[in-house]
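What follows are several structures.
First subunit A sits with subunit B, and in the next complex the same chain sits with subunit C.
Up next, the complex of A and B:
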């Protein structure tokens, strides 16, 4: 298990190195060099070369790449030229908002979707199962920002039950929690049906397997068979999907963060794009990718925890 | 009901609703299994033996419609609700399955599984159940039981897994042990070991063993009585010695002629039974074996054959019972 963890982490480092390299190349592909963007059109040649030396742009490309990678791994993503703050601090400051939102969104969806999947697997082709099928198809097809807009219109504008915009006042936990309800609902709604359908499908498959028949032949209670002996197997593909889904939500939450005007890594990325702040954009993408990679590693470790065949083969 | 009867199968029919129509998997089966006997249930794939055996385990799929009676120790399993059936499974009736590679749950250890199958015993604690499991592991020939109990099924060989499955069944002290083709998935050497193990543990089962197979040699080694199934019906029953020495049903005779181990004269070509079993969505009016039977005539094709007593505890379902 320790070796496996190390192996997965090593793999993540490799993925990150490639990502960073691609981002580095991007700087050269995008029209306009960083120096003239930072100094503007009226800079003198002396100012330009001074800044180029300071930014290390006069060095050979490979050396620049190496320094870029080394800096990124030590957490130095450069300084934002507008706010004069370290980019790592800006990005990591926005990250918790998105992490919390994604955790809540997928969390409630998993808490409802997984049991729902088990339940409909046991009552296949029943009324609840059919209703769930329709519900899933609709909610999976519905973009989360549409849910968000309708949520806002109904619960904030019409009914005035929930506040509309922002993340809430700093320190006021109750206010922050109230402002998380609608965004996490919008993010999770599609996941409920998606997870339920996934768990249902794999549960039906597992329940038809021989070892379940063996347990039934020994008279074990059906609920115990499902929860103790079938669910740990049936949930394995779902764990991988949740890990990947969570990772992609970190950047995918951007629409929700825009609709609700919430701070977050998605909103930050969006702002960086709109203001053509490429160093900040690079930083945001790096942080997002790192989180995504960590999520998939966490999912892999979780799967290994659940499945002794994988755990022990390591 | 005779005192010695453990399981009385009385005009049992099992039908499945499938998209192609209703399949009559088991048709009017009568069979009495007595305490202390080992009965071999023989038949080719699709002969209905799996359905019959599932019903004996009080375990039938939801889409099965069952007629007739199946009395285990006097209780009719067919009439019992699911909760009642569950009380019999693993608590009087135990089963060993065909494929040990898939029959053990992959995510629990052998020890946890062997404790779990004793769940009907509310008197004993987990520690006591684990101690029994350790003991039973030794009895089924698994050494180093302590370590094995902490392992997962995939860490064990096929033969070892089948030993675990047998241990699980024996731990429940069954009065009816159903071994559903327990050696089909194993190689010949392992098969011999498992058969030897079952034979040595015959006396551990205070009741009867139903041994399902399509391997007649194993029936000769292990069983007292044999029941031959064809197209959902039991076509012949009788003591193993008598049936093998002098089969009375043409199908049994053909089956024995096809058994490589029982062929005396040297031959380059193994005999087979020509043709295929009938489609059980539309069972034939007459004898199911008639299209493949060398003795069949018009009566056989149009009239259902009678059950003929061919000796003590021996029957054949045939118009043309052999002498």
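Up next, the complex of A and C:
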């Protein structure tokens, strides 16, 4: 298990190094240097040279790359050109909003999707099972930003049940919670169908295994067999999916945050793109990628911990 | 084809996808107006006989824009996934047949790409390369290609040990002939399933990036930019939002159902309903 953990951590360092290098190449090497892009065509030579020195672009490329990688791994993402604040502070300030949104999205999806998948697995090929099949395929395919816009149109504009935009007044927990309902619904809907489908398939497989047959032969109640013996095994693949899904939700939250005009790392990235603030954009991409990679590694480690078959094979 | 029509969701998916392809091909013939033609006096009109889906804030006919937007969505999907399949197949065959070290290196790069947040990286690439449909296509190629390469590699590793491939090698067939003549035809089935599933992703990315202004640029019609037009005037009228969102819904559901139906037909044991 220690060797496996070290392997996964090494892999995450490799992925982060590749990401940082690719970002460096994209932003600092390809034509259209970030200084011209940031200052625009009217910038004087003096302004350009001052910004180049401030960004360290007057040094050799390899030195810049090394500094870029070393600084990123030590958490120094540079200083924002406009607000003059450390980028790590700005990005980490926005991150909790996105984490909360993603947690709520995948949380309600798991709370509904897992029991739904379990229930339909016990009624295989029945009407409920067939309806779940259609529901899953539809919700998985629907883009979350379209669900968000339709949700906004129905519940905010037409019915006026829920507030439309923003994250709510600071300190007003009830208002903030109300403003989270629609975004978390939009971001989690696809995951309800996906998790239900995963748990259903996994549950059907587990229920046909020999140890479950033996429990039935011993006369245990079906509900006890399902909840005590089958479900803990059937949800193991779902843990990996939730872990990786959480990472992808951090990325998918971009469009939801833009639609609902919510603060978050996605909205911050979008604003950085629109204002051509490349250092901030780089910082946001690195923070999101780090979260994404950490989620994947955490999911892998959790599965190895939960599943004795994987643990023994390590 | 018969199996597809007989499949519960395959028939529905075939109708949806077939309809979209016909609309894209015959767009100039069926669109009632020029999709970029501005008529400021007719702005933000509701559905009528003259404009069945109404008009946008510049008086452009929404139906015509949606019809031509179908072309944009399917063009992006075809070009991006075509390039992805070709590159992925090539890299997959190299990884499966090449030296072990090269295989490991390619897999590390592909795993790394898979671990990157798609939309955030799309924003970064959009900022660097400039917002355009080409940027969307490049993003899709970068992010979908590893899946094709992985699929081809894993199949190639299995197939290269099969008897007919070993026999071909023993008879002196060069490695390129074995790859393209004997292994590649066996990969078509899984590749088609993956392509159908990925069309949903391409349409989501293209319309999503166009929605926030980083994809197809105005005045070119795209479902995402039409949806953004409607979203900006959501309080004035809901028809524009509903009309612009529907083709995205139909296309994503249609291609997803089609992918699942083909998967069920090719391998009934691995189907979603197994």
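Going forward, the second predicted complex is superposed on the first by the 278 of 314 C-alpha atoms of A that agree within 3 Å, B and C clash if a C-alpha of one lies under 4 Å from a C-alpha of the other, contacts with A are read in each partner's own complex, and residues count from 1 in each chain.
Definition applied: contacts are C-beta pairs under 8 Å (C-beta built on N, C-alpha and C of every residue); 3 or more make two chains touch, one makes a residue touch a chain.
It should be emphasised that the depicted structure is a prediction, and the values quoted were computed from it without experimental measurement.
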Fit or clash - subunit C, subunit B, common subunit A: fit
Which superposed partner A:14 touches (first subunit B, second subunit C, both, neither): second
Partner chain(s) touched by A:278 [first = subunit B, second = subunit C, both, neither]: second
Superposition-derived comparison: subunit B or subunit C, residues of subunit A touched: C
First (subunit B), second (subunit C), both or neither touched by A:128: neither
Partner chain in contact with A:70 - subunit B first, subunit C second, else both or neither: neither
Contacts of A:307 with subunit B and subunit C, given as first, second, both or neither: first
Touching partner for A:140 - first (subunit B), second (subunit C), both, neither: second
Distance of closest approach, subunit C and subunit B, by C-alpha atoms in Å: 14
Common interface residues of subunit A - those touching subunit B in one complex and subunit C in the other: none
Subunit A residues touching subunit C - in the complex, by the definition given at the top: 11, 14-15, 18-19, 23, 26-27, 30, 32, 133-134, 136-138, 140-143, 145-146, 149-150, 152-153, 157-158, 197, 201, 204, 247-248, 250-252, 254-255, 258-259, 266, 269-270, 272-273, 276, 278, 281-282, 284-285, 288-289, 292-293, 296
Sites on subunit B touched by subunit A in the complex: 57, 59, 86-91, 94-95, 97, 99, 102-108, 116-117, 119-120, 152, 154-155, 165, 168, 172
Touching residues on subunit C, where the partner in the complex is subunit A: 9, 108-109, 111-112, 115-121, 123-128, 200, 203-204, 207-208, 211-212, 214, 227, 231, 234-235, 238, 241-242, 245, 248-249, 252-253, 255-257, 260, 272-274
Residue numbers on subunit A that touch subunit B, as the complex places them: 209-221, 228-229, 232-233, 306-309, 312
